[in-house]
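Shared between the two complexes below is chain A, which has chain B as its partner in the first and chain C in the second.
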Partner chain A sequence: MVTREEIKNIALLSKLYVPEEELDTLTKDMQGIIAFADTIQAADVGDTGFDNINNLSNVFREDVVVPSYDRDLILKNVEGGEDGCFLVRKRG
Partner chain B sequence: MKYELVAGLETHIELSTKTKIFCGCTTEFGSEPNTHCCPICTGMPGTLPKLNRAVVNFAIKAGLATHCEIAPVAKMDRKNYVYPDLPKAYQISEFDKPLCQNGYIELESGRRIRITRIHIEEDAGKLVHQRGDTYVDYNRGGVPLIEVVTEPDIRSIDEAREYVEKLQLIMKYIGVSDCKMQEGSLRCDVNVSVRPEGSEKLGTRAEIKNMNSFTFMTKAMQYEFDRQVDLVESGEQVVQETRRFDDATGTTEGMRSKEDAQDYRYFREPDLVSIVTTPEQVEELRGQLPELPDAKYARYVGEYGLPPADASLLVKYRRVAEFFDEAANGLQTPKTVANLILGQIFRRMPTDEEKEACNLLISAGMLRELALLLESGKMKMNLAKSTLDTMLDTGKPVGELVSEGDLAGVDEDALYKICAEMVAANPNAVADYRAGKEKAVKALIGGVMKATKGKADATQAEAILIELIHKA
Partner chain C sequence: MSESGVRRMIAKLSRMLSEKQISCVELTKAYLDAIEKENNKLHAYITVTPETALNTARAVDARIAAGETLRPLEGIPMTLKDNLSTAGIETTCASKMLQGYRPIYDATVWKLLREQNAVLLGKTNMDEFAMGSSCETSYFGGSVNPHNTGHVAGGSSGGVASAVAGNLAAYGLGSDTGGSIRQPASFCGIVGLKPTYGAVSRYGLIAYASSLDQIGPITTCVEDAALVFDAIAQYDPMDSTSQGKQSSALPALQNDICGMKIGVPNEYFEGLSDEVTASMNEAMRAYESMGAQIVRFPLAPLKYALPVYYILACAEAASNLGRYDGIRYGYRAENYNTIHEMICKTRSEGFGKEVQRRILLGNYVLSSGYYEAYYRKAQNLRGAIVKGFDEAFASCDVVMAPTVPMTAFPCGRTHSDPTEDYLTDICTVPINIAGLPAVSVPCGFDGKGLPIGMQLIGPRFQEAQVLNAAYAFERETGEKSFQAVKMGVQI
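On to the complex of A and B.
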């Protein structure tokens, strides 16, 4: 059972603004989604592990250095770039 | 009432792979900001991680060296949090299926500190805060880490220190990290709680973040122990929270409490497949492990008969231990070689860093040649010492520095004559000796050694000198 409080917390964690009047509808929707997931949960699948269900084997990269990007290119679309750094401004 | 400290440690160790965990950028330390970056390690949309094979192998080696079980199937997860040091807004880590589990490190007392798990993850970028703004350098972002988590088995600050030192040494031996605390390649979070001595129940713990030196760790743990004992004594509650140690004040302060603890919303990293490790791969990696510090120490004390303190000193520096092993291999008296290293050679490497590097002009084989001459009695100890000094200065082998004639030493008549001259030339030292200053004879022995270019037998010279002084 998903509560109104949980919805508020999830919104906070997701950095989403949810107006007070939408909370009840959202809670109901979310309850529906969880209920659907519970239906799947109820399916009997024996003790099959889900860690490697596709039986995919590892795809590794070898430990070999490749040239990094030019710094100007990395910083091209960001604000700042002073002293070769990304800049995160103080808010407010 | 007496209280007991209960602590568990989480140690982050930067792996010394050549490239980052998910891209081919170099992991080199100390370059211009953001010059070791690409779209993957700066979290550009649409990029996909490619797991570095060496990271998995290094982590498995770390697990094997600390008696862990290696997971046949491990997986990676996203740990979500929003902070500028993490460009993707999640860190790729391992949540419920880490690579290694259930290991331990044994302390000298025989007590075992159980290791709950070792998992792999990516490091975050570096933030520099200036005038309220934050400058971000992602060179360190994506550098591979292992996190080694213990059970709350640590009972004193000394045990915490010994555990970290042992862990550090093991990682250096197996070559997975240089573990330089000052460069941040080894950092500890310490969970501390207190309980009345004799109690089995664990108290509420506080976590102190990011200790990057032994001094900080010691101070922070001591402060936190005292703080919690005071709280309990005055009937207050210890709050479960994360605390930061402030070196300037020597105190810890709360960062965030359990109530507003982060919810990381872990979920499986969908862009990476499971990490499957076969028993054959595990055995192959086990075969690549060198002799570990504890085994080396036991061999030095047990087989070589070295005093425990000497054995510890040799084992403490991997390169020194390797040099010693090569030089002492097959000798009757490995102890002689140990003494030369701990004496003459260590004197030339006063700092830990120098011993760590063990950069010498001579090879282990050259020290072995010298030791063989000593062992066969062809060379006296004092000549060996002065010869070793010259070898260390010049890098020349013993054969080029010492002739057959030198090895023959000084015959007794000649030595007698030199000693007589010394006694005659130094009336003050002789008078001092007669007045009871036995040390005065050392100056005379020094003179004799100088006159014979170190070839004389010091013990023999001393006996002759004393005889002459008494006669005169």
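On to the complex of A and C.
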């Protein structure tokens, strides 16, 4: 059964903070969800070789420069950025 | 209903426009007025786009005045689920994380419809990042069911289904990762088509689980679903899984299903409510009376479909949602000291609880020591489910199943165990796992007057066959299976 410590570790890997007071409830929820996922362990299935639905293989386009989006347009979602770059404020 | 018992909305509106019974601006204003009046009851729309809609409507009227022939979806007021990118128009995924986000490009499906002068009324509500079955995980509050506003619209495309059933749009596009088009269509008593994996480009769809996601229409009738599918199912080099359609669906609606073999998997009839069981039995009798043959068969791997789905979908979601770091778009936490703290706070404050739970499950099943036991085993079971359906289609033309084991549940239902909500998806997820096309069509009502839906499922890229079977049922059963809600725009 998944433990409180394991949930803390998975949350860290997922870059999520879980407040200490919510950890017990989350652990209980995750125990239920993982027990539900565990039901597949009863299945008797070997390697079915499944890779993707339509048996697709990767395709590559020619390596040529094509027009892309305007930098100022891309930066609009972060209030224009600064000097053409994304801006992350320095703290501390 | 209209001529010869065929239910149609889009063709009727198109004819009204081309015959100048109503102008496109008048029609669009009627829908915008209805949204203004009813949206506070249904919570179907997150964003309404009157300027975009009326600009398009004016362009359509100019083309009509110039004697131009209208394209099939030209001038028809419609909506998009709020996870489909629309350049310059807020696209939130019903999440605090993307509140205020304005994409810089259009999703391919919207580009195709926009080029036909489709009239975009607005963006509709959904479960946050499409994770949910009731629309109640929406950051903005869930959409409700036009048949009974005390009940949910379903999810995750609950807003589209609520808007279309409530006559606040003629049709809409949703996305379906585990049933998110078909389940709300079933709950709201309308038609929802999940196309074959690869038939419709997902470019510009904000990703949930990329090996399962598909975009499709939610409409009031089968003919409209065929019309919209034909418009959006086109090969697109911007989606590496795109293949387009093999044949157009609309010409296949011939209402001739005599001799059609309809497969019914035994496993699909376990755990249904009595009313859903009765409705499915009646549907089988209706098909037999039309000359179809019902073939029952076992599909044993189906019993593992639900956990397989949640393992694979969450694993993919954990990767897809890794992009939300607060740097390039969307929400960013205010107070932090390091970049790591900024990213963690952004994600913890920006994502809702269900999204966080699914990210955690995804990273758990992908983590060292668990990958083989969960992810790899789920992939092998996925292969077994694909094979099971492929074998079924060797002896039947389409497969029939309920869409949801129950009708729309009351708003605010809570469970101590989050997996109880996942059971809502038990009939729909196998189709995404196998990449098949399936349409949900209304097939009756429960004792409270809430709609019941059934799925018709076909071999990959056989949307035409699936829709023809649905069309025959729709014509045969008429008002026994579909009743329009008296709200919104009445045509």
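The working rule: the second predicted complex is superposed on the first by the 73 of 92 C-alpha atoms of A that agree within 3 Å, B and C clash if a C-alpha of one lies under 4 Å from a C-alpha of the other, contacts with A are read in each partner's own complex, and residues count from 1 in each chain.
Assume contacts are C-beta pairs under 8 Å (C-beta built on N, C-alpha and C of every residue); 3 or more make two chains touch, one makes a residue touch a chain.
Since this is a predicted model, take the numbers as computed values, not measurements.
In the superposition on chain A, contact of A:59 is made with both chain B and chain C. Contacts of A:86 after superposition: both chain B and chain C are touched.
A count of residues in chain A touched by chain B and by chain C gives the higher number to C. In the superposed model, A:32 makes contact with chain C only, not with chain B.
By the touch criterion defined above, A:71 lies against chain B but remains apart from chain C after alignment on the C-alpha atoms of chain A. Judged by the touch definition given at the top, the superposed model places A:2 against chain C, while chain B stays out of reach. Judged by the document's definition of touching, chain A residues 13, 15, 49, 52, 54, 56, 58-59, 61, 69, 74, 86, 88 lie at the interface with chain B and also at the interface with chain C.
Only residues 101-102, 104-105, 197-198, 211, 237, 240-241, 243, 301, 304, 307-308, 310-311, 318, 325, 327-330, 336-340, 342-345, 347-348, 351, 356-357, 359-361, 363-365, 367, 373-374, 377-384, 386-387, 417-419, 422, 434-435, 460 of chain C touch chain A when the two sit together in their complex.
Within the complex, the chain A residues that touch chain B are 9, 13, 15, 49, 51-52, 54, 56-66, 68-69, 71, 74-75, 80, 82-90.
Residues of chain B touching chain A in their complex: 17-19, 22, 24-26, 32-39, 42, 50-56, 73, 75, 80, 82, 84, 97, 128, 132-138, 263, 265, 273-276.
Looking at the complex, you find that chain A touches chain C at residues 2, 6-7, 10-11, 13-18, 26, 29-30, 32-34, 36-41, 43, 45-50, 52-54, 56, 58-59, 61, 69, 73-74, 76-78, 86, 88, 91-92.
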